[in-house]
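Each of the two complexes below includes subunit A, the first together with subunit B, the second together with subunit C.
Then we have the complex of A and B:
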């Protein structure tokens, strides 16, 4: 644990204005014999941007549905600033929500859509018009209030959905894959915009997505879910650099994951691990003594410089792929026959290695991580 | 039309291409229209035109029959009664169908198939048979009266036939599928997330329904209503068997044509019915185009 204590950033974002503190205590959902969500406890700080990622069927949408109030949990409690809201119907929870397909009302104009939550709250006409105008300005859609949602582009519809979810100053904003329907460039633009929006409002955000890059770029902290369970919670950097198991390691970015047959602890949080099939390495024993060794591709050194690293292997290049200023090598280690992936930036004068070429591969012991889970071979 | 445009332009550019124009699905499809077209012209369009022409024939000036229809209180009453009945039947059908369509639109799997079958099987059963079934149920010594007498709910049998009540009950029953199916069609297209969105935004179930669901289901409501209303206007079998003294216009037409042999009058009544039906349909089309801005709501979502 002490090894990566210095990596832990202070993830506690102090609420600037009015974010809610959200606490889940043993929240569970099962449909008959099928468990959609195992007992889940989680604390999301006021004003925090919290992302939940995972493959489909991992329970992330169930957790969001329970938070919004569409799904009644089988057990457990959800506390907003200390008050349990499980029995509160969705229309009294005062949360904002942005849906994947935006769920704009097709029979209302943009202004009517944004004004809808205010109408439901009995806000007076003049004040309503004023707040709708302000919300439209905030998402840079001035002058489009009289349009129908169908007359807007995908990005504009997205912004209307955002304005509608925020116009009544909710304590908590829920987002269910809000950028899933947009193309890549627009998605990146909207990521920044949502982030700015959240900063300005100071609202707590729970953001569900299956896109790990999107989550890592936006969130203060992430939770990775699988099979109805939280696998790991942490900052994007913590999760990437210190995954606890092979699922997290494989879900976030690329990783070389090698099977370990035996590991012996060393002083200072390290361990000597014997790789299945031969060879031994020194690595960080982060979660006790795990069954797998995880190395991120940018930590692997290829070529003569590899000699100066802690764990050196002779290897053969199996594949070299160049893409936009970086090169990715697939290398097979001599002896054990394991495959590792390395990635680094190139410069115009750099000569790339070809498949079949022999070379040296190595990595520092602080860059190898013993984690839980048995890798498939 | 838009499909044919480029083809026509091609013809102008190269006349030889037009002569050797290859077979295209569009041309083939047009040919397929020919047999039903011939059938319809021979057995529908020509007789209908004949009916319209006949309405202007007969003694006196050409509009004599129409003058009679709109001045005689007896025919006016029949027309009024027909419209009243059609309106009542439409309203009752709508009220009964809306919840059914709502539930079925949310059903999945076996429940969906079962409920669709329950809606469609009566739809495929002959109207005559269903009307006779209602006679068995509703007559003086019928199932319903006997049952209510046995239970002591009533002392004397109720008069349910020959006074419009039975006729309207039977018509509502027969018209139900015509209302449920368009409603179902529209309701299945309503995105469930819209109701969830309304809920999160602060709308309680009643307001979710009134401000989101109901407006979005209106295309189905109007389509079903116009279908039931128009069908009820010209309904013949059920009014003839269950109607009694007060008659619907279709029954009156039959009386004029086959009992009184007043063909010009029968034709004029039929023409009035036809014109009213066409006007209603045009009105409906207009209203739909206005409401959807040229699109139906389903397309937008």
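Then we have the complex of A and C:
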């Protein structure tokens, strides 16, 4: 598309601007006896795309609301490029924010919506018109400035919201489930677009969502929250491959989690773990010696090749589900009776196993992870 | 097979019933219209002949002219005060985080539910004591109190019709509280405010009981004058005056209805 050719000069100018460094120090929020956010400390680098995920009620919206200035924290501080902003009202923080339902003003046109923050900043008319036009071009909505938000599609409204939140070059962009109202295909398209947009602006983004796939696809780093607490922070890959506890392991993708009754450390960061119900495995003990063993489904080897792995079990296929080039087996281990899930890609000539069939299951010791938390059985 | 036909018959039945109810509600009010064109010198139904003499008498009457002027002089500022305070109250109780909001909301609409005579009897000695009995200020205060719930209800409904995220969004975009109200909240609740103002004015224009207690012959309103005439002289000029009052009130309510409808459409279209 030639639109991008038009955009390049603008992108260059804006890309030189950087995003804000955001630091949370012991930020807490309680409503009477109810703690919505436990003391939270966090550092988000300038220009970073940082996602916060967690189930509803986990405190992620509270943290975002505190950052935006809607919620006054009970304690703690938030520093933007070193300056504490807790006492600064939301309208003086100069952050951009995109809401789940976009919150486009229905009584204003698209151009008036995008021009609103400039109007509040007393930008002169001609400059305002210019910047609104540039913002419209940036989100590929040229010519739609005179429409009302209600006349636009969901995806277009989303872009207007993005343009409105970015037209005044904020250093920090907050996004609260911005794609929650869109259907799946549009959501994936918008993920890419938002990512491109963020790169072009160089702005720091805090992105709150309950969709772990969306977060993993977009973010440089993510934080997983539960019960008002940060459970773990890391890159999408770190969190998937090295979860610290069973909540993180279960929240991000699929995992087989087996209860461990006793673990003895070995050299090189490994340990021997006795599985509850019988059998022992060697596994990585990165976060100390936990009570659960976590194995990701693509790490599990099924069939004769399993014999060559570190931890081998005889097992029975309980369920085999084929979907779009991959197969997922549910296998019950002999002896302990634990269930593990394996997933791998198939080829047209591969013969799938049937439920009831006996086989071997195994995994390398570097692929098993001892983590914290007691699995439910 | 018989179902759709049954439904059709049923829906016609319901329609006929609704029309009957409407006739029952409206017809007694409209009896006054033929009376006003009567050629007779006292109120009698059916009128024996047609004449416009009572409209002429109404137009000539200095009493009515003063009373209409009084009604407007009291109604407009009362509606204005009721609109300002009713809107502020709705903002505080719908958008604010006051403790006991439910109780306060109930208190806000209490003047509407309580018998007006109670308020009138209560206000009378107080205003005598304050020396404002019979003055514009006295009746203005009374009408403001009674009209405020009408504005409160329409504005509160308008505020509840959309999520407060619009105001939060305005704030993140750099609008302070006043600008948020001025450019976002007010335009979005405007239909509710205007409808509330019209209701408030129509209420004051029609109100009799407080007017009996709190006005004097110099400040008396149209309803009070009508009431006095009913007691002393039963000429059809009363009917003519009532028809004029009815037309004014109905046209205001019609404007309110049109406004409420256009207002209801706008935000709902944006939400989708």
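One rule holds for everything that comes next: the second predicted complex is superposed on the first by the 361 of 377 C-alpha atoms of A that agree within 3 Å, B and C clash if a C-alpha of one lies under 4 Å from a C-alpha of the other, contacts with A are read in each partner's own complex, and residues count from 1 in each chain.
By definition in this document, a contact is a pair of C-beta atoms (placed from the backbone, for glycine too) under 8 Å apart; a residue touches a chain by one contact, two chains touch by 3 or more.
Note that the coordinates shown come from a computational prediction; the quantities given were computed from them, not determined experimentally.
Chemist: Taking subunit A as the common reference, can subunit B and subunit C both be placed on it without clashing, or not? Answer clash or fit.
Modeler: Overlaying the two structures gives a clash between subunit B and subunit C.
Chemist: Quick one: is A:120 in contact with subunit B, with subunit C, with both, or with neither? Answer first, second, both or neither.
Modeler: In the superposition, A:120 contacts both subunit B and subunit C.
Chemist: Now for A:168: first (subunit B), second (subunit C), both, or neither, which partner does it touch?
Modeler: So A:168 meets both subunit B and subunit C here.
Chemist: For A:91 in the superposed arrangement: first (subunit B), second (subunit C), both or neither?
Modeler: So A:91 meets both subunit B and subunit C here.
Chemist: Considering each complex separately, which residues of subunit A are in contact with subunit B in the first and with subunit C in the second?
Modeler: Subunit A residues touching both partners: 68-70, 89-97, 99, 101, 103-107, 116-117, 120-121, 148-150, 164-165, 168, 174.
Chemist: Quick one: which bits of subunit A touch subunit C in the complex? Just the residue numbers, please.
Modeler: 68-70, 89-97, 99, 101, 103-107, 116-117, 120-121, 148-150, 164-165, 168, 174
Chemist: Residues of subunit C touching subunit A in their complex?
Modeler: 163, 165-166, 168-176, 179-180, 183-184, 187-188, 266-267, 269-272
Chemist: In the complex formed with subunit A, which residues of subunit B make contact?
Modeler: So the residues of subunit B touching subunit A come out as 191, 193-194, 196-204, 207-208, 211-212, 215-216, 293, 295, 297, 299-301.
Chemist: Contact residues on subunit A for subunit B in the complex?
Modeler: By the definition above, subunit A touches subunit B via 68-70, 89-97, 99, 101, 103-107, 116-117, 119-121, 148-150, 164-165, 168, 174.
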